[in-house]
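Down below are the structures I want you to see.
Consider the two complexes below, in which chain A is the common component and chain B and chain C are the respective partners.
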Partner chain A sequence: MTQYLIRRLLIGIPTLFLVSVLIFAAMRVIPGDELSVLFGQDEGAAKISDELREQLLADLGLDKPIWVQYGMWMGEVATGRMGSSFWRDESVGEVIARRGPISAQVAVLAVLFSYIIGLPVGILCAVKQDTWMDYVGRVMTINFLAIPNFWLGTLVLVGMIIYFDWMPPLEWEPFWVTPWTSLKQSLVPALIMGSAQAATVARMSRSSLLEVMREDYIRTSRAKGLSERITIYRHALRNAIIPVITISSVSLGFLLGGSVVIERVFQIPGLGLSMIEAVQDRDFVVVQNLVLLYAFIFVGINFLVDVLYAMIDPRIRYS
Partner chain B sequence: MAQSETTLLQIDKPEEEGLVAFLRKIPMAVVRFGVRKPLGGVSLVVLFLMIFISIFAPYIAPHDPYELDFMAIQEAPGRYILGTDATGRDVLSRIIYGGRISVLVGFLSVGIGTMGGALLGVASGYLSGKFDLVSQRFIEILLSFPGIILALILLAAFGMGMIPTIAAIAITRLPQSTRVIRSVALSVREFDYVTAARAVGASDTRIMLRHVLPQCVAPILIVASAHLGIAIIIEASLGFLGVGIPAPTPTWGNMVGDRSVTITLFPPWWLVVFPGIPIFMIVLAFNLFGDALRDVLDPRLRGSESVRQTQA
Partner chain C sequence: MRNLTNGKFTVLLLVGALVGLLLFVLACSSSDSAAAPSAPQSAAPAAAAASASGGPGAPVAPAKAAAAEKAAAPALGSVRNTPVPQPTRAVGADPVKVVPASWTDGHPRGSTRVGGTVKAMVPAGLAHHDMHQSVTFNNMGPQIPMYNGLLYFNPDEYGVFTPGADLAKGWTLSGDGLSYDFDLQTGVRFHDGSAFDADDVVATMDKILNPKEGVLSMRKIAFDSVDSVTKVDPLTVRFNLNREDGILPKSIAIGFNVMVSKDTLEELDYDLRPAFDAPGTGPFKYMNHKQKEVWNLEKNADYFKDGLPYLDRLKIFHGTGAAAAAALLSGQVDYSAWLNKGDGDKIVAGDFPGYKSMTWGVYNNTAIWFNSNRKPFDDERVRRAIFLAVDPHVMLALWNSTRLGDFGEWVPPQSLGGTYSRSLEELAETPGWRTPTAEDVQEAKDLMAAAGYGEGSQIQFLARGSVSSQVEGMAQILEETFGIESELSVSDAGVYYDKVWSGDWDITRATWTNMFGDPCEIWRNVLRADSPQNYGNFQDDRVDVAVNEVCRLPDGPERAESISKSVQLLDEIVPTMVLDWPIGQNAWNDETFELNPQAWTTNYWNHNIWEISALK
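And then the complex of A and B:
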């Protein structure tokens, strides 16, 4: 098993390397030279005198050859500083340390909600297939999959402000200082994100459970005389839940990077908001570092899922 | 004797061939599809309606979407059927015109993305070897980002506007189409007629285009129909965030997200509720149609649907 896991881990490293090279190149081939991109085509860049221009380029490290710049960036990644943002007076590492936990908290809560809401619905639909409960469940899941989450978020936001006198918090309490307040703050955004995910979980668990319920061992379990409840919960569900966990983990990986839309709606100071701001400010140092972070999270989550698979399904360990 | 002869003649009537004959069969196929899958049929009708309204927007919209009316600033629905925004522009007309953008961007980006992905998938699956290895690594990288974030990053590099948006969304649709088509290509490779073509000396390109690709038409259609809803949501989300298609062009997304056209602290309900409804409707219609299409074309794909990772 260790060998299998080490192999899976090693595959992730060239992927990360490739991502770093690609995003580095992509940010450098932006049309126009870097300073025009930063300061705007006509207004700012044209007014910079030549010496100021040279000084700026030197400060930003843009005058060195590309591979040196790449090397410098890799060095900064290794030390955790990850380059300094153009507009803010802090390193990207600090931004991530500050905003990352908030995004992560909302993401984890969202995935939890998606299971709390989605799993029972999926199970109910599968067990009561083709009854009215199944149809209601399927209609709701299909609808929730079609609702754009920025729309739902904005509607909830405006609704809460008007009817419940609630405002999105201006300052976000960190979790380890005041856990309860912190959870309350992330409740509404997490609920919205979670309900969208719940639709996927419900759909997936329904179809997966239906497939498993057709298997022979389920029939045997019933024939043995085990109650329907034990059959479903102890036997069918355990096997059916595996694909659901896979997909959920991928979603978790995506959400850990911060949901760009929800963070914008509720003004959550998370990584998603950093990304939007960096894109709009053309702060490509932040963008490339965040991209690297996303890739890292993705590879990490995939690896954890592989570990989970190996633990659940013994056949995989020996392959 | 004469009777059976006519019967025989009727049975022996040769089937029409050619493009025109194929096109003539389409209406009946659509009707049969609608009868067999009523939900899919209704969705198709809704889609046609929305596309029709988008195309004939100038004749259907009651006002010019860019026309400002300072006598009716942020007016609730009444005189103007769905209300106005802070500069007096009619919400209904903007929604109708916004449909043009969403439909256009949706179809173009999915068309380009799916076709590109299919070509790459066919090449990857058929040629295997190093080409497959390398291209699959690139695909994995693209897959590691949620659609919106990938589109956002690409738009950071490309800039704003319709063509960059279409390109960015098309690229986000590449990886999944490639994967699906690649697995189909992998199995088609083993078919006898492909081996025969190789034995006869057909070039790889010819085999891929002439033999493998036609087998992939059904999966391509299914993938494309699934992606249409996702692409529209991504386009709307990008508009909501303020990137992609710039104001004052109305798109459903930027109507919901545009904070500059409200005079109050937060937008009034008619500016938030109404632009989102068509997004919901068109995505729902595409999803239901796609599901029905998949059921008809290849029910085997039912369990392994690609994750609709649209919202991130």
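And then the complex of A and C:
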């Protein structure tokens, strides 16, 4: 088991390396003027001389050979600074340290909501299979799977502004400073993000639970006279939840990446918004580092899921 | 640890091979793209001199009556390499001293509330912090409260830009019209406690006029008449000109031309891009900020204008459009700028009691540019043909379908109070500016045929994605009228300007920026061969001469005549087609915030209005 886990960790390294190369290459081959943000965009732009352009590109380090640029970036990643943004007055590491917890807070809350909402719905649908409760549950889950969360978020935001004179606060309160205020700020966007995840959790848990409930040991449990509650929650659910954990854990990674849209809608100053700003500004360094960070999170989460598997199900022992 | 299985080793080998292939591809592509997309070189040195004619220059105060010998105007033609003209003011003409008013005259008012924090939402997503290198209002919002200029514009009348006193009390124009002496305010200190004096002005202007390698200077073109700025004494600076400049005080009053201390400039090697807290002299001092989120500024208790500012703090949030409207209407800010079309209209309509809204000219223009380096648009007959056939009212309507805009022409009707612009009634009778008549269309077709394109052609039409409705409308008109088929290429700003500078296009729709709507200021930025915003690389000596003449003359009948002739020339040769003048929409909470609407309509670009704003 230990050897397996170590191998899993080591395989993550070439994965991250490949991602770094891909995103580094992508940033350098996409069309567009890196300097357009410097001399105006919406209001018009001004011509600059070739000499000045070369000087500005040199200031950004873009005149160096590709492998030198890549090596310098990797060196910055190794030191944790992760490079200097082209256009920000802080390093990428500082951006991540400042905005990362905000995105993480919303994403974790979203996953929590997905369980709080999705698991009971899924259990109810499975236990009451083919009843009106099951049908309603399934229709709702399909709806929330189909509805794009940016549309839902916009709808909720507009509705709250119009009917409750509420809009997301302009200044984000850090959780460790004012926890309750911070949680209130995260509530609505986390609910929006969690809605589609909740639907996924509900459907997965329903189908998984239905499968488990047909097992012999469940029939035995009932035959022994155990209550339905104990049969479901102590015996069936524990086995049924394994695939649900897999799905929702991977979803956490998607939530961090998919938060781009919700952060834009709700003006949450998280990493997703940083990504949008960096793409618009052609800030290579920020984009590269954020993509690498997301890849790292995905690799890490997948690893943790495997560990969690083994903890939940003693039968699972990796070799 | 168990050894890796053959299968896993193979996978790793494949991954390594893929990575190697990618690096090889990158290395090959980097050698091709090593020459970054280059901006077209300025084809000719800047036009060195204006034509040698004209009278004394006195931008604000009337010149003393003095006989002036008028040199004959040179024939229209090339004026490059023309020697600097001799002084044209009458021998012995007296210097003209001007002591302009300031928008802060009469402040502080006893009736105005002192203290409090105003929250505003404006575009504040600045990419760097050097106002001299910036051409975007994103710098204006958070930074302008921290600085002053020598002069700023007084909000006397909508669209009329009268330079007002700020760090300079006034100026004296020399008898020959070739130098301006500015008298500086006394007792001014920067936020770091250092004293403000002539050395700081000289250093700042040197940065603008002679930027160091790797440093941009977006307003350098506004000072092309200035050879140098020198110190006369600690409280007097002299602008030494190579020709008369009728609008120099206005150019100085552009809000981006903030004064910074010499010590700060030297410390930062004259590049303020990373300096978010470079000390200014302004009414507010930097506290802290989170980039693209919020700027916190506090009152400068040692501000040289006694009793100002009224406010204790400013909180500048970044945002525009729907976010700006939502932030205002939810009570989180007192003032919002750049609302979407319609949001401000609803406030005006009374849908939100207690709130007020206003519109204001953005002082940009949008236009169709022709690539003058390529056929068919190197032929002025082709350009004029299109000019005659396209209905500008249709173009404006297409713009107004999604944004706010007003009718624009060579001198926007709204600028300078309409002093130099043709009336809408006159334009309605002028070919090219009116809805095309049958005669206009026939003339257009005849011109196109005479140029050799009577049977139609194909062109590349470059567009930015957000403005494609006008582009599509234009393309349709070209096809229906002339049989010109347009290959539309739509892209975002970064890719768009990349393509513009590459020159691989025939026609495009672009926006140019100007600060106060003066014809000299607009045309100098756009129409001269050396203009930084001459997207189409248009070059015509006649236009250069005309622009330089307009720039040389002070406001008055002679200038009006020069502008009128220039406009007629531009109508003939059509370097570009002006489409509209965008309009911005701001709004504020009238129950909490005391705002001078007139000031804001004229001076968002240019003005430190926060120093006389207050809470109610």
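Note that the second predicted complex is superposed on the first by the 296 of 319 C-alpha atoms of A that agree within 3 Å, B and C clash if a C-alpha of one lies under 4 Å from a C-alpha of the other, contacts with A are read in each partner's own complex, and residues count from 1 in each chain.
The rule is short, and it goes like this: a residue touches a chain if its C-beta (ideal position, glycine included) is under 8 Å from a C-beta of that chain, and two chains touch if they have at least 3 such contacts.
None of these values were measured; they are calculated from a predicted model.
Of the two partner chains placed around the shared chain by superposition, chain B and chain C are both touched by A:14.
Contacts of A:282 after superposition on the shared chain: both chain B and chain C are touched.
By the touch criterion defined above, A:151 lies against chain B but remains apart from chain C after alignment on the C-alpha atoms of chain A. Looking at the shared chain after the overlay, A:161 reaches both chain B and chain C.
Looking at the shared chain after the overlay, A:98 reaches chain C, while chain B stays out of its contact range. Legend: residue contacts after superposition of the two complexes on their common chain; A:75 is shown touching neither chain B nor chain C.
Applying the stated contact rule after C-alpha superposition, one finds that A:174 touches neither chain B nor chain C. When the two structures are aligned on the shared chain, A:55 is found in touch with chain C, with no touch to chain B. In the superposition on chain A, A:196 contacts chain B only, with no contact to chain C. When both complexes are aligned on chain A by C-alpha atoms, chain A residues 14, 18, 22, 29, 31, 157, 161, 282 touch chain B in the first and chain C in the second. Residues 3, 6-7, 14, 17-18, 21-22, 25, 28-29, 31-34, 36-59, 62, 65-67, 86-90, 98, 157, 161, 165-167, 169-171, 267, 269, 277, 281-282 of chain A touch chain C in their complex. Interface residues of chain B, counted against chain A in their complex, comprise 137-138, 140-141, 144-146, 148-149, 152-153, 155-157, 159, 229, 233, 236-237, 240-243, 253, 256-257, 266-267, 269, 272-273, 276, 279-280, 283-284, 287-288, 302-303, 305, 307-312. Listed in rising order, the residues of chain A touching chain B in the complex are 14-15, 18-19, 22-23, 26-27, 29-31, 142-143, 145-151, 154-155, 157-158, 161, 193, 196, 200, 207-208, 211, 247, 250-251, 253-255, 257, 259-261, 264, 272, 275-276, 278-280, 282, 284, 287, 291, 294-295, 298-299. On the chain C side of its complex with chain A, the touching residues are 1-2, 12, 15, 18-19, 22-23, 25-27, 29-30, 33, 36-42, 119, 121, 125, 127-129, 133-137, 213-214, 216, 218, 274, 276, 290-294, 317, 319, 323, 326-327, 329-333, 364, 491-495, 497-498, 500-501, 510-513, 532-535.
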